[in-house]
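Both complexes below contain chain A, partnered by chain B and then by chain C.
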Partner chain A sequence: MIKIKYEQLSALIDFLTESYQVYAPVKHGKETAFKKISSASEINKSKYNTSLNPKDIFFPQSEVMFTYTKNGIKSPPEQGKPIAVWGLRTCDTKSIRMLDKVFANAYQMPDKEMYKDPYWIARYKNCLLFSFACNEPPSTCFCNWFNSGPYDSSDSDIFVTDTGDEYLLEGISERGIKFLAGYPETSQADQTDLDKIKVLREKAESYMPPVVELSGLKDKLLKIWDDPVWDELSAKCINCGACAYICPTCHCFDMRDEGNEDKGKRVRLWDCCMYQLFTKEASGHNPRELSTYRVRQRVMHKYNYFVENYQQFLCTGCGRCIKVCPVNMDIRQIIQKILTYKEV
Partner chain B sequence: MKELQNKVKQLLNDKEVDLVIGWAKGSLPLVSTPVFITEAEQAEELIFDHTCRNNLATYLTKDRKRLGKKYNKIGIIVKGCDARSIVLYVTENQVKRDKVVIIGVPCQGIFESRKIINCTNGREVLEQKIAGDQVILIGRDFEIKVSREEVLRDCCLSCRYPDAPEYDHFIGEHRGEINVKDEFKIVEDFEKKSAAERWQLITEEYSKCIRCYACRNVCPSCYCNYCFVDNNDPQWIGKTPEVTDNIIFHLIRNLHLAGRCVDCGACVSACPVNLDLRPLNKKVEKEMKERFGYTAGLDINEKPAMASHCENEKQDFIMG
Partner chain C sequence: MSNTYIPIPMKLERIINEDPDRTLRTFDLSFVNKQDEEKFSYMPGQFCEFSILGKGESPFGIASSPSEKGLLKFTVSRTGSVTQEIHYLQEGDIVGIRGPLGNWYPDEKLRGKDTVIIGGGFAFTTLRSMIVYMLDHRQEYGKITVIYGARSPEFFIFKDELKEWEARADITLHLTIDKPYPGWDKLIGFVPTVTKEVGLDPSAYVIVCGPPIMIKYTLPVLSEIGFEDSKIFTSLERRMKCGIGKCGRCGIGSKYICIDGPVFSLEELKKIPESF
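Then we have the complex of A and B:
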């Protein structure tokens, strides 16, 4: 484990930018988001998660897949340097790894090249994820429900602890260890630093809510799939897409052709199961016409279908959806209601 | 609070209503949550305070007016602005007046959770207390006092009609019409800017929109069965969150709200990226007032401005 002082951060970011495109949390209007930076001064240091999610780095909200003219089609420009992301929280790192399973290791056909998404891979390949310990998880966090926690370093390339005046960097993956070994001018962390981490960690963990046992959730959901309880669960949802667009793990998309017969582009855009149009068929029929079915779909995808395919929940407990929901649909309450519900 | 709960209990017990839509305590300290009450004992959950930001009238038209099909008579708890939305529904033939029982509550203004977060420098508020004109915000390691004005929503600061203009029951004291002087100040300030400055402000603000449509979906006046953005044959608008498409979305929605926006602030409170959607809405509201002498949702017998015509209306847009 190595340590760098706050004032040495700019040297680290400069070093990173030599071989990586560096993304970090920055101010974005009145909110915070991950954007490409060229120097450490742009970074927004906050104890909390960014308000917008980091999936946008690897899976942009709108992405040109190709452009066309009468003479043929043209691929988008090459990605260039690999991507490094500074300032992720452990939950966000986990969400990126989950998306990689979907886009690059699709369960349905693990060995078929055709199921590997080239757009995702172009960005994700050789990426370096700096994942931060959460010293002060806000009250909306519930990552500990998913076998994780504010100091969970698994899935990181490099795990960073912010001690208040310095960063302690620990290589976790092979790529992370290699990067740190190649970084000049470092001092090694000592026992005092490890003690500091221990204190911070205990404090952070004390902020977390009691763990809710989720092992029965997947099967319970299947049991109540056509139960009237969904009417009650979905009653207040107004079917906007704020939760899905702010969620680091939601990954449904739509593809559109924009242009005319002479030239144009095909774009891939985030889409959301909360919208009517998401499932509206060419005939005009919509299998998920009612809000109830759409809410059920989102819950089922996160806590049943994805578990079926990838053996983990499609949720990291980051709490963003709880913060932004205009009608205070709290996913924690929904999960708990489902778990304790006696089906009819 | 008790009076409100008792009134709702009585309405349900007397079968005067089959359902009551109100607010209950939310899961976070700064927000309430809509609640649907069918049994008298559930009425204990009801609250009304400065966290009740949702315009509950939205639920009368949501999901193809599903609630109206399921329940014969719906009771709904309303602030002044929410009641105006119901008046609008009646004048636009969306809701029958005798199918709703309007329960007015005296609104002292609603807090904007993002303004509160600004006061604490982004630190999370875990508890808030009201002490006279002051609000005490309490977090893990701080306690700060701010004035109510600092954290009230912009629309509440310039609210003229805090009381429901139309109601069946009113709980508490009426506040009456408030003589606000600078109701349209944000519009006037905006109008003073040069065209280039206005364009820059609009493009900067709307470039951040993520097109989640939270503003549209919480809006009581946005009740089209098929919104123009949800139409893909023909496709009226590009779906990319690029500034041009974002502006088209917001401007069309904005124009469609002409004479229909009650300035309830629901869209501003709902926006996950905190866009200030209000100046444009207020601009259209001002135009309607100046051109047609019309303010939405005040008179249940008045025809909607866009559905009626008077000879003495300004016609300079036609005649040049």
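Then we have the complex of A and C:
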């Protein structure tokens, strides 16, 4: 584990930018978001997670898939340097790993080129994720429901603890260890630093809500799939889709053409299963006509379907959906209600 | 690396009007590039995304048979914005397709066995693919029985081929329409009723494809006759978009129609919430 003082951060970022496109949390209007930076001065230091999710780095809200003219189709330019992300929280690092499972291939399918998403892979390939311990998780956090916690370093390339005046950097993945070995600053963390981490960690964990046991959630959901309880659970929802757009793990998208027959482009855009049009067919038939069905779909996808396919929940407990919901729907309450519900 | 999202160019060779309303048209496409044709290997039941650049793309089952070399056939009902644009196409136009996508009818299982094929309306496309494929390898399959229903005689698609098949001794065809029509001397009645009445042997495999309502009422009839769930196959449809299990549109339960389907056995479907 090496340590760098706050004032040495700019040297680290400069070093990173030599071989990486560096993304970090910055102020973005009223929000905080991950954007490409060229120096450490742009970084928004905060003890909290960014208000917008980081999936945009690897899976942009809108991106050109190809352009076309009368002469044919042209792919977008190559990505260039690999991506490094500074300032992720552990939950967000996990969300990126989850999305990689979706885009890298398709579950249960043979490892075949046709199932790979070249746009995701071009950005994700060789990426370096610095994830930060959360010293003061806010009240909307519930990552500890998912066998994780504010000091969960798994899935990180490099795990960073902010002690108040310095950063302690621990290489976790092979790529992370290799990077740190090649970094000129070699000031090693000592016992005092480890003691500091211990104190910070205990304090951080004390902020977390009591753990809710989720091992029965997947099966319970399938059991109540057809139950009228969904009417009650979804009654408040206005299908605005804010939860899906703010979610770091939602990966649904649309593909649209912009242009005319001579020239234009095909773009992909985040989309959302909360919208009626998401599944509506040209014939008028809509398999998810009612809001109830759509709310159920989102909950089922995250806590049953994805688990079936990838053996983990498609939720990190980051709490963003709780913060943005205009009608105060709270996924934690929905989960708890489902767990304790006696089916009809 | 290859990119499944990039359409391959195809030339529109022939347009066939299938019905008097001109809402159903069949489009025969040929490959612009020889190497695309060589790489494009498919089986009956698979689908493609059909693109018109600038207008978007929509999924359609492949109506041609792999044995019809160099040809890809799609029958398109004019329903929404993309299908409208497809109907505006002229012979000679260049379009794009992505595919083949999804799984296919269980051809390996059908070899040497009797097969019943049940279809309705213009959803007969991939069934045509299967039938032509079987007829082109006729000695490898057992008895072939086809039940095909349409609103009225004018709304059958592939009418010329239906005539040819009727004349053949190695395939049994039951054509039915919803209600009496002048000059119609074949069956009258909905597909589920006809299925019950034509005396099917439940040891056969069944492939059913049609509008959701037809599938919904035909499946119980098949079970009643005694067909096993594992031998009944159907093809489902949703608004498939990416075609490779990422965009989330065609989910049914934990499955995606674009990669786990579109072909499912009734045995599989009974385990999937939201499948009907």
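Things to note:
The rule we apply is simple: the second predicted complex is superposed on the first by the 342 of 344 C-alpha atoms of A that agree within 3 Å, B and C clash if a C-alpha of one lies under 4 Å from a C-alpha of the other, contacts with A are read in each partner's own complex, and residues count from 1 in each chain.
We take it that a contact is a pair of C-beta atoms (placed from the backbone, for glycine too) under 8 Å apart; a residue touches a chain by one contact, two chains touch by 3 or more.
Treat the numbers as computed from the prediction; the structure is a model and nothing was measured.
Contacts of A:Lys236 after superposition: chain B is touched, whereas chain C is not reached.
In the superposition on chain A, contact is made by A:Asp254 with both chain B and chain C.
Judged by the touch definition given at the top, the superposed model places A:His301 against chain C, while chain B stays out of reach. Of the two partner chains, chain C is the only one touched by A:Ile73; chain B is not.
With both structures placed on the common chain, the touch criterion links A:Gln61 to chain B but leaves chain C unconnected.
By the touch criterion defined above, A:Gly264 reaches chain C but does not reach chain B. Residues 254, 256, 280 of chain A are contacted both by chain B in one complex and by chain C in the other. On the chain C side of its complex with chain A, the touching residues are 1-7, 9, 52-58, 79-83, 96, 212, 237-239, 241-242, 244-249, 251-254, 256, 259-260, 273-274. Residues of chain B that touch chain A in their complex: 26-28, 31-36, 54, 58-59, 62-64, 66, 114, 122, 124, 126, 140, 205, 208, 210-214, 216-218, 226, 230, 232, 235, 238-242, 266, 269-270, 272-275. Listing the residues of chain A that touch chain B in their complex gives 28-31, 46, 48, 51-52, 61-62, 136, 138-140, 207, 235-236, 238-242, 244-246, 254, 256, 258, 267, 269, 272, 275-277, 280, 289-291, 322-324, 326-330, 332-333. Residues 65-66, 68, 72-73, 75, 102-103, 106-109, 113-119, 121, 222, 225-226, 251-257, 259-262, 264, 266, 271, 273, 278-283, 285, 287, 297, 300-301, 304-306, 308-309 of chain A are the ones touching chain C in the complex.
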